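Two complexes are shown next, each including chain A; its partner changes from chain B in the first to chain C in the second.
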Partner chain A sequence: MSETKPKLAFYWAASCGGCEITITELGMRLVATSKKVDIVFWPCLMDFKYSDVEALEDDEIDVCFFNGAIRSSENEHVANLLRQKSKLLVSFGSCAHTGGIPGLANFYDAESILERVYDTAPSVDESRGTRPTPSFEVPEGIIEIPTFYDQVMTLDQTVEVDYFMPGCPPVADQVWNVFQTILAGELPDKGATIGVDPKTNCDVCPREKGEGGFRVTEWKRPHEVDLDPDLCFLAQGVICCGPATRAGCGLPCISGNMPCRGCYGPPEGVFDQGAKLLSAIGALIDTEEPELVAQIMDTIVDPGGLSYRFGLANSVMAELKYRQRSQESDT
Partner chain B sequence: MADQSSQTQSFADQVRAIPGGEHLETCYSCGTCVSKCMIQQKIEPEYNPRRLLHMVMLDMRHETFESPTTWLCSACDLCYPACPQEIHISGVIGAVKQLAVEAGYESPLETVSVEHSLCSGCGICVMTCPYEAPHLVEEEVDGEMDRFSEVDANACMGCGICVAACPMGAISRPGVSNEEVRVQISVPESNGAPRMVVFVCDWSLRADADVTLLESYPDNVRVIHIPCTGRIDPEMTLLALRAGVDGVLVCGCAPGECHYKRGTVVSSCKIGLLNRVLEQMHVGDGRVRFVQIGTQDRGRIRKEVDGMLEHLATWKEAA
Partner chain C sequence: MSQKISIDPITRLEGHGRIDLFLDEEGELANAYMVVPELRGFEKFCEGRPVEEMPRITQRICGVCPLAHHVAAAKAGDAVYHVDPPPAAKKLRELLYASFFVADHATHFYALAAPDFVVGPDAPKAERNLLGVIQKVGEETGSRVLQLLQDNHEIAAIIAGRYIHSVGCIVGGMSKPITEDERQRIEELAARSVETALFSLQLFDQVVLQNQRYVDMVLSDAYAHETYYMGLVDQGNRVNFYDGRVRVVGPEGDELLTYEPHEYLDVVAEHIEPWTYLKFPYLKSVGWKGFVDGPDSGVYRATPLSRLNAAEGMATPKAQAEYERFYDTLGGKPVHATLATHWARLIELLYAAERTVELAQDPEITSDQIRTIPTETPTEGVGIVEAPRGTLTHHYVSDERGLLKRVNLIVGTTNNYAAISMSIKKAAQDLVKAGRVIDDGLLNKIEMAFRAYDPCLGCATHALPGQTPMIVRLYDHQQELVREIRRD
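Coming up: the complex of A and B.
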């Protein structure tokens, strides 16, 4: 009987644990599902070692849900290992899909991050110039820790991925839908983005657009405005990533009176979510005075972090940066 | 109602009755407006606001409605400050156009269309359009209410600002759709010379010599003509850089001279934001530049293109 149960694996690379929580949010549905499947690897909830995975046959895992970005040699090693052992590899959650929050590290490089952490952060009393040492000799032998990479990568940039499931985290109902689809053997063609709706959040958002329209002379941050729960955020001068973000989350942020942060990634056909958002925001500018343009742009604090909050690692922007780097190191 | 009033009112009275049309009769046909007009100079020699206003007063209804002048005026208002009678000419032409549309005439321009299956009804196009051409409509589709954008083809001037603004790529305009612009973004290898894309709004180049000059650059400078720099979106610029282009120069009209009212300002904001993010990523290096060329700036395009090529050559050398 147990031979016929599909084997599942879950893994977290550079991630926060939110993707695991969304699965536990399934509650009794998870308990019911767990009787129909064999979980062969899930470091967050169950006691497994990498050697358990190494001991599996190739393709022995039916479906692996991989969350987290690739930012260390350990992440990369396990991504390769799980790819080898899995029939289907699902890029689960924003970090694996588009880099997510860890991907924002691509605005910097490894050394400047380590310098901040070990030398200049306010919590550092006295800098000792400490740095993680990937390999260190002690009397008992050699201790090795993973190498911290210069670039945060998506799972798809590291190994071949069969399906993409965006979200920070993917909402429980969509996870449930995807489980059902898998168990029913009704997955779409490989390469598809699953657990999502076809259009963007504006398509399903119930908020009114407002009478006055929403050309903007000043962008405000959510905490600076007493937000009307029924009015489009853009009409209130607050940037919402909804117009450039794929629908499917069920709008938990927007229902909570917070603008969309963009975690479900770009809709079909869009190469670069952040660039599209910048284009839409720029289109709303309301001035005829050229000197005011910069002033209005200044009201957008951290345009990069805002427009690429979840998608930086997967962006054309990052591609340019790391291509330039590799060309520089070639010459 | 309209038919009845057209029998009792002269054509000129009808035009005057529409807000914007009231200044009709103060025109004494000096023709200063024509000398300022970019349309007359660039695309349509028959374009003549002075004559159009005269035709209205002569009750030449059908000739007026069929005249290209009625449809081509984009209300850039370059003529307005020049008119000694302070006639807001685009307001009068707008009134004529409104009557033409009511009489069943249709715009001969290339205008945008929205692919409903892609439109999410975000309303960005509605907000950015200088001409109030798009509007949101709600309709029942497969038993559910769906909100999407629809464009009034008679109001649309085909500038493409909404095409660039649409986050779904749901809007297109023949000649400058996303696909049609993308295929032009390829610059051949050129023995180490910088490869550059120049997006140029043709309204910004007043002198024929400037237009001809652009054609004289070798293959490493790819010139892509667009109706308005408002048509540029950051994604398009990034795609150019990804395709191996060293730099992108966007040339638009001077502040206050945009042919489509707000295209220049929208573009300067978009390119400005893009540059801020490129700086955050440490890949800016001045590789994307937005310049605004005024009607008096003859010959400036050469300086801008050469200046950018020089900058890119230095940048390539340093890299």
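Coming up: the complex of A and C.
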């Protein structure tokens, strides 16, 4: 009875397509699941016309998995549309959840991005300085393109979100768990983060941390040192975002012998992942001298880009910036 | 009455694309525009980031071909730090990369290309998708294809932690060696991939080459452009995905030039149009002449077909035999038929699988000498690999601490933007005629013109029913909607 099958939708906004590929990593499990649901919208694969979504009743979609950040007027428009048409909206993957890698653009504004891409990039020819234009008249008529926003926003800064599923991308086994939970009708209370474990990556990491803890006198970069595959990265003096990152990924990066970069977002009860990381690594510094602390912290290159690698759009820094902007526009 | 027809949306890698067709008063095609309404600005926000983090940051440009960016960024990082990774590290990178090509090319062929040929361009819409393909060829074959993807995802996880957004390649080499047990497992999976690649070529033979209607379509002028072709080649001018010189041949097949990665700015320039966010690369020495082909236009293509045209052969025996059969069948080099790109892609799939086996059997592949720690001051560097969808260039300028000051990227599909636009226009010109009804079959044939390029439409199409959905809206000259045709 197709009427009784739950209706699902998948959408990508400002994203890379990795969230789509992670779903396909389910392989034959996905084929089995596809028989139990009715997918009504999936731009990647199926009829992704906006007019079809517009024609649906409000709340007709049971669950919408939305990946990607909000970068343009088109992204925002579709987020609003899918919110209206969906009973449950799941923020899927890092970009929708905390802004992800595209959120790093919030270190800059739209003008500086456009300037780099269209004015100063070394490969641009004499058309240099031409800018994409929201409504442009060609000889045959008008061509319209979306507006590129000044800042990247997360999905829940744009519309109300019911569940959050972090990860860049969410790993396939967690996607499978979430599908099963939905099909069984066993979702937790709204607002919950799903497809995760309750601890931090540090808590679940099997690497040796050494007897009696360790202290650090200098931070090193991964390409500068031989990386011990069995020892905690922080104990090697290499920054790892494990202490400030929610568990659930199964540590694929750690098992690839590279430190965590925090894509699963802040652990339960922590809003600002970057602040949490900086306080965790600050506590490991082996000195009581304030000057030396500054010196050691100075060996961290790009602290902002490291501690907010996936979360800049969802940080206290971003909040302050928005407040400043709205005050400016008020006056 | 003039009309504008919008095909909105189509997909490309990062989400959305649209085709705007303008008709003149007689109802003939006046012009066609492929509009890319999206930008994320990696070139800017990577400024200030450490060079060594770029293999992990830039793969978020594309989750479909993350390893292309991962490896290109590592190579650009090597160049910035003036460091040469040990031979075992280079082999491990190439092994990882060859295996990735197997998964990526197979995804495109089975999920995107095969529905048009195996199920048929005019088949009922509901069947023209991967499930329709599986139904046609049998569940056993379907699961064999999904197994092929899983096997190669597993190889990436062994070498580099995971397939989507890997971590193995770092400046100076690899993050870890592989063990003998892991090597054996990779060899076993790769051998199975060679078998599935050969099977895929047999399937293409049966379904397409033994069907005169498809052969006519592949060879028809509506799906052909005489352009320049670009591809990475080894010292023997054979196709290579990981390393070598970039070679460009002309529409007659003669070599125009070759270049090293650091020389890319001497060869490639980008043109900007105000009605789209994506730029149009072209060959600087020939010049930008607009959306036209021929020897006087700098438009080039960088696709599987282009790589075969730009090279003189394949470096593995089974793929070389297929390469020869390809040109024997299609009447010699170069081949301009855009739809032959599907066949070329399968030949590359076979090469990639064979190369994975070769590297897995290399005695040096389990060496623990996989890192060179940089000692020189970082400056500037360019890294190039062949991404599945075209030559991929990462160009970094660093300060003395290894923090990026300037970044420039020319990405796989972007190379083909002008050619894709031209292919769409030519197919539409052939199909959109005064008085002709615009129906689903017509829409699919326009789609086939760009689908051959694999503009990253392959995302997630492994296992669910689907097609590129389309809507065509006809407006009158006052932009009033006259008619809407939907393909559901």
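Everything that follows uses one rule, which is that the second predicted complex is superposed on the first by the 309 of 331 C-alpha atoms of A that agree within 3 Å, B and C clash if a C-alpha of one lies under 4 Å from a C-alpha of the other, contacts with A are read in each partner's own complex, and residues count from 1 in each chain.
Throughout what follows, a residue touches a chain if its C-beta (ideal position, glycine included) is under 8 Å from a C-beta of that chain, and two chains touch if they have at least 3 such contacts.
Given the structure is predicted, the values throughout are model-derived calculations rather than measurements.
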| item | value |
| --- | --- |
| Which of chain B and chain C A:39 touches, first, second, both or neither | second |
| Partner chain(s) touched by A:20 [first = chain B, second = chain C, both, neither] | second |
| First (chain B), second (chain C), both or neither touched by A:295 | neither |
| Touching partner for A:303 - first (chain B), second (chain C), both, neither | first |
| First, second, both or neither for A:130, with chain B first and chain C second | second |
| Touching partner for A:140 - first (chain B), second (chain C), both, neither | second |
| More chain A residues in contact - chain B or chain C | C |
| Partner chain in contact with A:107 - chain B first, chain C second, else both or neither | both |
| Partner chain in contact with A:274 - chain B first, chain C second, else both or neither | first |
| Overlap of the chain B and chain C footprints on chain A, listed as residue numbers | 107, 302, 305 |
| Complex interface listing, chain C residues touching chain A | 2, 4, 8-9, 11, 13-16, 20, 22, 30-31, 33, 35, 37-41, 43-50, 52-53, 56-57, 59-64, 66, 77, 81, 107, 129, 131, 142-143, 146-147, 149-150, 153, 157, 160-168, 170-172, 175-176, 264-265, 268-277, 279, 281, 284, 288, 371, 373-374, 395, 401-403, 406, 408, 410, 456-457, 459-467, 469-471, 479, 484, 486-488 |
| Chain A - residues contacting chain B, complex | 106-107, 199-203, 209, 213-215, 232, 234, 242-244, 247, 267, 269-272, 274-285, 287-290, 293-294, 296-297, 300, 302-305, 307-308, 316-321, 324, 327-328, 331 |
| Residue numbers on chain B that touch chain A, as the complex places them | 118-124, 126-128, 136, 146-147, 161-162, 164-169, 230, 233-235, 237-239, 241-242, 255-256, 262, 265-270, 272-274, 276-278, 280-283, 292, 319 |
| Interfacial residue positions of chain A with respect to chain C in the complex | 12-28, 30-31, 34, 39, 42-52, 68, 71-72, 74, 100-102, 104-105, 107-108, 112-113, 116-118, 121-125, 127-128, 130-133, 136, 138-143, 145-146, 148, 168-169, 171, 221-227, 229, 252-258, 261, 301-302, 305-306, 309 |
